[in-house]
Each structure stands twice: as C-alpha cells, then as structure tokens.
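Labels run A, B and C following the written order; every chain starts at residue 1.
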C-alpha cells in the first residue's frame, strides 16, 4: 500500500467546499439564489447572460460560475480583480461591483451569504441508528431517528431526541436529556444536564462536571457538593474544549440562541441570557449573570456574583470586577468605558514622552 | 419511541439535588445535622418544633423541610423572605435569622454547608469491576475494589489502587501508578505520572504529555526529550480540560491538597506546594515554583523560572514576571501590590480628565 | 491483589528517564556523545579518565556516569557542587566547569542537550498494525507501517501515512489525510484537514471543527457554513487540548515547523507561517496572518484580520489590535513596543507616588 502524500505537496484547490469534506448541491439559477438569500438581483451591467452557478468562493478565487461575497470595507479592493459570477453585498458597495458580475444586494449580506453557502453545501442529516460498538443503557430512551456514533456511552435513563447525532466517543451521563436535532461532537462529556433542541456541542466540550467549590477544613480543602444542573436552552452552540460546570445550589443556565466559542470557561451557577456571544478563551465566574444579547469578547474575564446588563459589550481581555449597565461598552482590566480606556492610553503615552521633550 | 421534550419546556424544580442526577439520604434530625456540620443549634425563636429535614436548598427556594445557608453579605436580604427550616450561618448573621427558622451557627459556615449537603447527597462509591469493553493490559495491577469504566485503556505495568474509579474512555499510560479512592474523569489521558490517594481528575484533563521544549536546529526546531514525570500528591483535584506537562529533567509536582480548576495550564518542571489554589484559565510556565497555600486567580499568567512565596495571592489576569514574596497580594500586568495597582488606576483616571477641566 | 502504594510515599528517583516511562540506550563513550551532540570535547582538567556514560541528569543530581547541561546563567552556581561526569555548555561557561567533569562545548548547548538526551532515551517507533478494537472504514488507506491504537475511529477515504501512530481513541474524519511519521495523541479529533509529515498532535487537540461564524437572522443567530479546511504542513506540533478551527471560505494554514502549545485557540482562516511559536493559552482570531518566525507568548490575544510581520515577538498577555511590523517586539494591551510599555509602567508609578511626596 502506498503512503499518503504529504499535504505540503498537494495543490491547493483554492476554492472552498472540498468534496472530500463537504456535500455539494446545485447548480442553481441566480434567481433561485437571490430568493434563498433574500437579495435584490442586479444583473451584470455589461449585459452578460448568467449561466447557473455552481458554488461559492472568495473574491480572489471565485470563477464566473461562483457566488462570492463582500461585507468588510477592508477587502473592497478585491472587487477590482474578481471574476465572480455574482457577488452578495450591501447597497454601499453596489456601485463598485464589476460590470461582468451580478450583484445580490441586501442590507444583511453576511446572513445572505450564510444562506447561499448553505444552499450549495447543505449539512446532511445524520444516518439514524445506534452504532454496534456504542453502549446504550437499556433504560435510556433513544429516538428512532437519532444517530449514536461509535464507542458512545449513554447512561441509564438518558433521553436522546429525534434527529440528534452523537459523535464518536461521546459520553452522556445518567439521566441527561437531549432534545431534537442536536449535534454532539466527538469526545464530548455531558452529565447532570438538560439540553434543548438544535443545540450543538463541539468536540471535547465538558458539560456538567463539579464546579470549583471547596471549603477550608481542618486537614485541607473539603469539596462542597455541587447539587445543581446545567440547563442548555434551544439553539445554543458550545465550542470545542469549552467547559461549563454544573451549579452548586442553583442551575447553570445557558439561554436560547447563545453562542459560546472554543475554550471558554463558565463557572457554577452562572446564568446566560438569550443570544449572548462569548468568544474564545473568555471566562465567566460562578454565579455571574448575563442578561440577553450580551457580547463577551475573547479572553475577557468576569469575576463572580456580578450582573451584566442586556446588550452590554465586554471587550477582549477585559477584566470585569463589578456590574455592567445595559448597553455599556467596556474594556480594560479593570473594565471601564471604551472611551475612557483609550483616553487613558493616550494620556499615559503623552506623559511618558514629556520628560524627553523637556530635557 | 417518543422524542425527549426540550429542556426549555421543563418546569424548573427550583431545588438542588435533582434525583435524576444525585443520590439522596435522610431525613435527618436537626441535631444530627448540627453534629455532622459541627454547628451550634439555635432553635426557632417562635418556639416552633422542628420536624426532620429532608434536603438542602438556597434561601430563595428552600422549604420548611430544607436546610439552607448564608455566608455572603450580598445575599443577606434573602433572609427576609426565606421559608427555610434551618439556616447555616456565621455568628454575624445569627440575629437576622427569621423567627420560624432554626439557626446552625458556626465560624466556618461554608465548611458546615459542605458537610450538611454531603449528608443528604453522599457520593456513592463506584461499583467495583472492570467493564467488559475496557482494555486492561495483563501486566497492569488493578485493585479488586477499583472500577474501570467502558472503553478505558490501561497500559502495561500500570497500577490502579483500591476504590479508584476510571470514567469512560480514560487512557492510562504504561507504568502509571494511581493510588486509592481516586476519581479519574471521562476522556482523561494520563501518562508518565505517579498519582497519590483521593485525587480527582476531571473530564478531559491531559496529564503527562511532553512539555513545550525545543531547540533551534539547522533545519528548524528540534524537540528536546522530556524525561521527567508528573507527580501528583494526595487529595489533589485537577479541572476539566486542564493540561499538566511532565517535566523535562526534573518532575512536575503538584503538592498535596492543591486544587486546580478547568483549563489551567501547568508547564514542565513546575512545582506547586501544598493546598495551592489555581483558578480557571490561569497558566504557570515551566520551572516556576509555588510554595504552600498560594492562590492564583483566574486567567493569571506566571512566567517561567520564578518562585511564589507561601500564601501569596496572585490576582485575576495578573502577569507575574518575577518572584513574589510570601504573603504578598499582587495584581496587574506586570504584577504589583494591590494598593499600588488601584492607586495607578485612580491616578490615570484623574490625569485623563484634567485636560477637560482646564480647557 | 494489593493496592498501589501512593505516589507520595515513593522515594524520588532524582534522575530523569524513569525506566517505567522511557526507553534507555547506552552506555556511550564521551566521544560518541560529543559527536552526536556536535560539541568540542574538553576532558576533565584533573586528568581523570572517563568511563562510558550511562544517562543524563540535571546538575543537582547527575552522577559521574551522567551527562548534564548548563545554558541559563541563573543556574550557573550549581556548577560548584555538581558531580556530573560531563557537562554540555557554551564557551561562556567553559572555565567554570569543575575539574572532575568533562566539558562538551558548543555555541548551541540546548540543541546539543536535546541530541544527547535523545541518544540515551530514543523515541521508539510505534509497533505497526491496527488494534482489533479500532474501527477503520474499509475505504480508508492505512499504510502498512502505521499504528492505529485501541478504539480509534478512521473515517471513509481517510489516509494514514507510513510510520504514523494514532493514540487510543483518536477520531479521524472522512477524507482526512495524514502524512508519514506523525504522532496523533490520545483523544484527538481531526476532521476537514490535510496533515503533512512528522506532525505531532497532542492529546485532546481539536482540529477542523466549524469556526465561530454566524449571522444575525430574524429569529436569532444563523450559522455561516464553514467550507474551508485546516492545512497543517510538515514538522508542526500542536499542544494538548488546543483548538484549530477550519476555514470558512479559505483554509486555516499552519506553516511548516511551527510549534503550538497547549490550550491555544486558532480561529478560522488564520494563516501561520513557517517556524512560528505560539505559547500556551494564546489566541489568534479569524483571518489573522503570521509571517515566518513569529513568536506569540503565553496568553496573548490577536484580534482578527491583522498581519504580524516576520520575526515579530508578541509578549505574554499582549492584546494585539492592529498590524505588527516585521521584527517588532510588542507587549501590553493594547500592544505597544516593549520600551514604551515599561516606560509607561515607570511613569505611572512615579505619578502615583507624587501626591504623597508633595503633601
């Protein structure tokens, strides 16, 4: 048997959607794409007739058979040389679309892009069934259309809903309930938890283990029993190797639609509202509450027992030591309003230069 | 088969100790609880006779059959409306306990709470035995009362002590020794390590892999052999997805009673003393030493080759670039005494405002 | 069966290379070691004849039969009492080598040490073969000398090269290609990826999952299809529990020879050049590019869509919000040149003290 050639010797395909890894549908007419993506169609200004489109690609490598996308002003110069057959963009860039490309205009180009890309590369439903190597307790209730991967372990009285897929090696503890159409990644461990519908847990996520609770006893630390659960509402996503501890006296709660990135830590009894965003490597300490639509940027840290108001935005690496008002934008460690932070930076730079000027 | 209902449609039980996830004992008399928790009993001031108690709960939701708890002044207002049958608290709050509740008074209320909660919800010993799906090398020595979970892999010459439980999918490398009554979580990988008694490793912890050591060679980096071990003393806990690299020339050592939270990184040759606390997402670089009772708060980072004196406290997000004296409290990046840090914050705020006032 | 004795009661061996965990070769003559490590031999000044050497050890515990090593001035005082038979060091320390020790002099002592240590403790090639418990898809191509560990899952059309070893429980997704002589740790999950030769992935690394991409839709967030791959070039190492998301429209690329430490996060579409170093718990956001030989110290964070020039060095905990020039040394959050950062620290300290002096 011949060895696999090293990746470094492979020609780059240059386009997304490598068929080794992604399903592909189409081609689709530009009208069908405009409808799926909820865009207004502006045909090529040079009168070119559009053939059906075959895929998606970035401006640099898209061919005349591809749909591309522009949302960020930083990349607008790529319009000058793109060969893309159609370009999803906002009204602001409509005039700059090359004359050989159709424009698909929308006020929400990123959303439109998501839908167009999903049209060409749909996520296929998992093949139902329990892999023969999986260990499913006889008292567990697994829906007929659920897919249980190889070497999974499903504990007593656990419930797995319709259309839900467990990746290889997932471990689902006793009594855990998972709703419908969830995707549980490889190597996930999930215990002491109730999970809603359409929830995605990425590989290696750790959900439901004991919180970090101990008291000082005469001979060292003594563990405080962690008697709560993790409650994950519908449409939540939790990133790879993220950790969410179960509550001690109350539940740890993740509100519907919230998105949590890789390597995030969420402590016991924390409560996140609806549609929050928590970016990679951020940490939320025990008993802290986020109202709805809060954004926590990467590597930010929140002390315990505080409350973050709705739609507040916590900047990257921010260290939050007290409550944050709804709608506030804070950054720095300790956290302060964005304007104050950057004014401080400027002040300190000015003061540090002074001595040189005066000498 | 019917699908599992989504978590979001379940009524919240409101009380900890969901029987799907936790064992339950009792009821217990107030006297038995007072004894287990080492508290002084102060009966209800309204003369009410106490029935046996059935569980534990937070002040908000505890019933007259539950024991509750108050330690943090922040939550003292909850005393006004609680229905709890008995409340564990410190002498400072004894007067504020409602007249219908018994008070369980102690100078160590959190410890007392831990013990009361463990009385009602004991951790059951694992059922001994080797799961038929586990792969245990014939040369490994597994104690008769140890529990080896499904799909575990135990390497040659490994030792597993009495009462120790390995969760599903744990991988124990060749020659590793684990003491008695340890709990090794699901998906843990443990190699090149000697582990004491009553040690808990949470799911996904990575113990014993190569440290980050390489030298610049003519054709790129060359790996430096990592020839030490990880030595974990008795009563240590290590959090989910935490990583502890083995030593290069000396051992990486975790002292007895030390508690390490989720997603913590500990580099090769680091040495932690007894009863240290390392909170989530903190990082300790190679060859750094912590004396006993050091606390490292969340997301703090310690450079390599430094020494942190006994009982020093390193604040959240602190960046420690040099030795810290015993008993010191430091914060900031670079680390400085707490007082200096907050004085700096105030100074900078004042200076940044000045120009506006002067104009 | 008797219980395993606790680690805490074991005598420390004091020397690296515990035979329970490491292979051992030798003894070797000093000349053979000098040749393997590319050093100039300086015999003991006291005329002692050297026997063959049996192992390696730190200066504190090395015996006359061991090779030791000194590179860091901080540890030079250990030369005064060492019993080591031979010491690898740089010309700067040659005079301070004790008269009973041979000196092995080189301008690259750490590299020489790596090679000497590898001589005594070589990494043995894995025993070829597919463990009977592993699940390898019939369409996967596994080289004859590859080693597939217990409970591994290898998906359809995956390729595993000659001499490559998969640790227990590794999960290799459909279509993934892995080159020759790679080492894939226990519990790794790897999907949507092309991997070169001699790549090491440590336990629990998560490679190829969806990036953190979603758009705001009328009913909450909608996932943006992540249609790129992860391309890992030759000689890369990726640490335990690190996470590397696949690209959305382009590939996430890790350049040849790059070393990534534990718990690092790399976002979708990021591109790292050759021989970069990314230390533990650092995070690189989506679409950011590192040119060659960039160093990112521990816990640093890079915002998305920026470019870091060749040989730039990003300090620990640095928060990088904009491009960094080639060769620059930056630290702080926001990032600034090292000199400016420490000047700021000094300025602020001085200004915070002033009021006390003036009063």
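Basically, a contact is a pair of C-beta atoms (placed from the backbone, for glycine too) under 8 Å apart; a residue touches a chain by one contact, two chains touch by 3 or more.
Since this is a predicted model, take the numbers as computed values, not measurements.
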Is the contact between subunit B and subunit C built from the same residue numbers on each copy (over half shared) or from different ones (under half shared)? different
Report, in degrees rounded to the nearest 5, the angle of the rotation taking subunit A onto subunit C when the C-alpha atoms are fitted. 120
So how far apart, in whole Å, are subunit B and subunit C when each is placed at the average of its C-alpha atoms? 27
Multi-chain contact residues (two or more partners), subunit B: 151, 169, 187, 204, 241, 256, 263, 281, 299, 317, 333, 348, 351
Can you name the residues of subunit B that touch subunit A in the complex? 1-8, 10, 12, 16-18, 20-22, 56-58, 69, 72, 74, 108, 110-111, 113-115, 117-118, 121, 123, 133, 149-151, 167-169, 185-187, 202-204, 235, 237, 239-241, 256-257, 259, 261-263, 274-275, 279-281, 298-299, 316-317, 333, 345, 348-349, 351-352
Which bits of subunit A are touching subunit B when the two form their complex? 135, 141-144, 151, 153, 157, 159-162, 169, 171, 173-175, 177-180, 187, 189, 191-192, 194-197, 204, 206, 209-210, 212-217, 220-225, 227-229, 231-234, 241, 243, 245, 247-251, 256, 263, 265, 267, 281, 283, 285, 299, 301, 303, 305, 317, 319, 333-334, 336, 340, 343-344, 346-348, 351
